[in-house]
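Each chain carries a letter (A, B, C and D) given by its place in the written order, and its residues are counted from 1.
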């Protein structure tokens, strides 16, 4: 179950240029949140911007949860101005998150850009449940790298790539993924492995392609413009083999084989 | 609630605050957040004869104090509604108004006939913002005569109250309201969305999956209030006001302009509690102003 | 400015960013804040034959991301314009477009005739959102035939470029655009304000001195872009886009939809530098995207 | 001349419940501002609220000026959230202020509610120019009384009235005015006196009536909804004996005899 609740801001800080970590008090949401779920946040009290904005649940504690977000427009701009102690109207936890399959002992988490946001909660949740966790982080350049240390606290296998080579390997997350699958995990272990991916669509598509070729399970967290966030407006659909499905409700996490990848 | 009950075109409601078509699904998802029994009525997402896939995404784009949508009547068709959606709604006391659309007057009539047998359905709202394929894609809502014909055909197939939902994308709202009344409509609701467009300057493409979409939200409220007022001067049947209602005060503007009840649309996305909060705010206004019943306000704006 | 010059219906402009009628007076007050020579063109407040007092206050009410106005064509008449306003504007290089309105086609024609002699006036914009007293108060803008007749009469009285300014309060913008074109208009501009209303729940009166007013500002932009696009499909004469333009990006949306130039209205109230800033923002967009001339964008939205 | 300028917030504090004093840096505006003039302030960066909001110039110093305002709606609400150091977009100084007539040696300043805002600058300007200054302040109740001490620093004659009698005299400013005219100034001195009034319309009308009966000069600062604030939109008119005049441009200060007082 989910709730619409005014959550107090416990902490709010800029963790990188234009990137903020927001800690909100809610025992309801924090006790129910599952990795891959999100909250729909009212960023303004006025009518511009009007709609809520969806953000992945980044991390949870007993009584609070964290969001990690980038300022990209009006909504996130206004959100970034919320001070500690103020209250923010939050709807959550929403959506159907990553499905954890007890049989898969090797988890590969692939995050591009802000896509790392839901993966930290996933990594922390998986920590005691699987044998190995590989975290593949990709971003444009070093200055936009997020959460490296947080992931390192969970696993030794944190592999960073940057588009411009300014840190880690030069290249895309999908390149790193191929390498890991081929060189580290190896063909024998693929059936025990599972990929969890979140990031821009082209990255997800590339990863879905790889998972298809390698016959390895893969779950992707999709993004689409939302209005309601709770499944009533039919605004946030993605094309799947069973027709349009709602990102907010049927997803955001889908089996990569379900999605019809268009350009 | 004292002072808020009404009977609209024969439909008994405990308050005049309904949820608008397409913004509340068929109630099931929303019921996790909203106490359905507190709503005046639930208007369903538009139902068509056959299932419809809807438009390609993106289907939503935010605009200044509003939003464009191009959902495109995605729904699983009337059979699915009756078999799988209606039973859930039937469990609640709140009246269900089924919103329907078709490509021809005949389709509308067929839908009305099927719904006529469903005791859980208390009224039919006709969405005429739909292209008339028989008339070569011309929209019903642009054509008073075609609208009247449609209403007459539907009237023959059902004893349920008929609400005709008007589009604002026309020159003369009063004229089409009159036609609907003359053809046997029991009430009219207005407004549906304003036709709008938003272009992405990067891709040069529509920011929606379709070229155009429907504009809703606070941005359109002044247009909606004006049209309710114009329609109210023209017809005697009750008017249901809709368009950008976010607060009790907004609702009161519509009553004063001539609406007998209102629908809350986009506001549901911003605040799941919007209809309930709005009902409370109306109640408080009545109490503060010592008004016994909200009906005393209907059409009472001091306008010439 | 390279890449921004244009000749619109024979009027040479250094950029496609004009100021919209009624939002810039006759330039004199605004000149204290804005470098008039940087504007594409100045469209005057509507001028009528005789002085008009305008509507009672309040004349302005803010709405969500927009405003309603009920100024009501307050102006001192054509003689005052020619004698006392035009000489000031004549000192600048920026073309002056005189916006006119009358109660009958004859009045429009008379105004056009008088302006035809004024070398400082480079074009005439016809505001047809005015009631046709001859036809019993029916608005010209609602009546394609009356509009066409009006344009034809004006055409006979002037060799100046004629721009017809369309109202959005109609069903079929393409139809009226075509009529205007056929009748001899050199360009059309759209949109004028959407008819709207706001009611004060305390006084139960209109929040304006008149029952209704005209809605402008960002709230209406999606409607304006859509109508420009529809009109652009229908006519060959250039289209001037207007409605809620606040930024260069907004202007670009209108170009992509089919506008050859744009007008900035309400934005002038929010930022006196809006037209100049918007021009700069367009220039920057062109530079960033390596586009030589803004005209390459006109009508180039990838829409079906 | 006036300017559109981004002014830095030097100080911003709540001086009474929902009432704020805002100090803005601008040598341009502060060096040109005259009593009764106003500035038009952009309260939000988004489009809701859209229009600027007019506020009287309350006080000026060499490089900065002060506004005194009450939070009554969206615009003032957002304004009140501006922090010290941030920049606010201001248009000003605007309008035609109080005309100071060297021959009038007795100045009576009558302010109702927020109407005191422009009167402080006027009082401070008049201080060395006239023989006597009477300041008449009216408000609903004690908790809404503003600037009493500021005025006392200028003159000893500060007379407060409250509608509910919770402080000063019970009654309206116009009652106090009548008393002052009758009892203190006296008929002989009326021709040397002038009234400057700012406040709600009913108060201004009452004062205009008194000034008319007593044949004493009276200037009133009018309020009307504004869009442009610079005279281009014709939105802010009041009815005068010469037809509609613009509050932002021809006013806000008018000779009380010019105004056609309606209800």
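Basically, contacts are C-beta pairs under 8 Å (C-beta built on N, C-alpha and C of every residue); 3 or more make two chains touch, one makes a residue touch a chain.
Quick caveat, the model's predicted, so the values are computed rather than measured.
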item	value
Chain A to chain C, fewest steps along touching chains	1
Higher-contact pair (C-beta pairs counted), B-D versus C-D	C-D
Distance between chain centroids, defined by C-alpha means - chain B, chain C (Å)	34
Centroid distance [mean C-alpha coordinates] between chain D and chain A, Å	55
Mean-CA-position distance for chain D and chain B (Å)	47
Chain C and chain D, separation of their C-alpha mean positions in angstrom	36
Multi-partner residues of chain D (at least 2 other chains)	47-49
Residue numbers of chain C (touch at least two other chains)	64-66, 217-219
Touch-based graph of the chains, sorted into line, ring, star, complete or other	complete
In the complex, chain C residues that touch chain A	64-65, 218
Contact footprint of chain A on chain B as seen in their complex	22-25, 29-30, 32-33, 45, 53-54, 56-62, 64-67, 69, 71, 74, 217-219, 246, 266, 268-273
Touch list for chain D against partner chain C, complex	1-4, 42, 47-52, 89, 91, 224-239, 243-244, 249
Of chain D, residues touching chain B in the complex	47-48
Chain A-facing residues of chain D, complex	44, 46-49, 74, 78
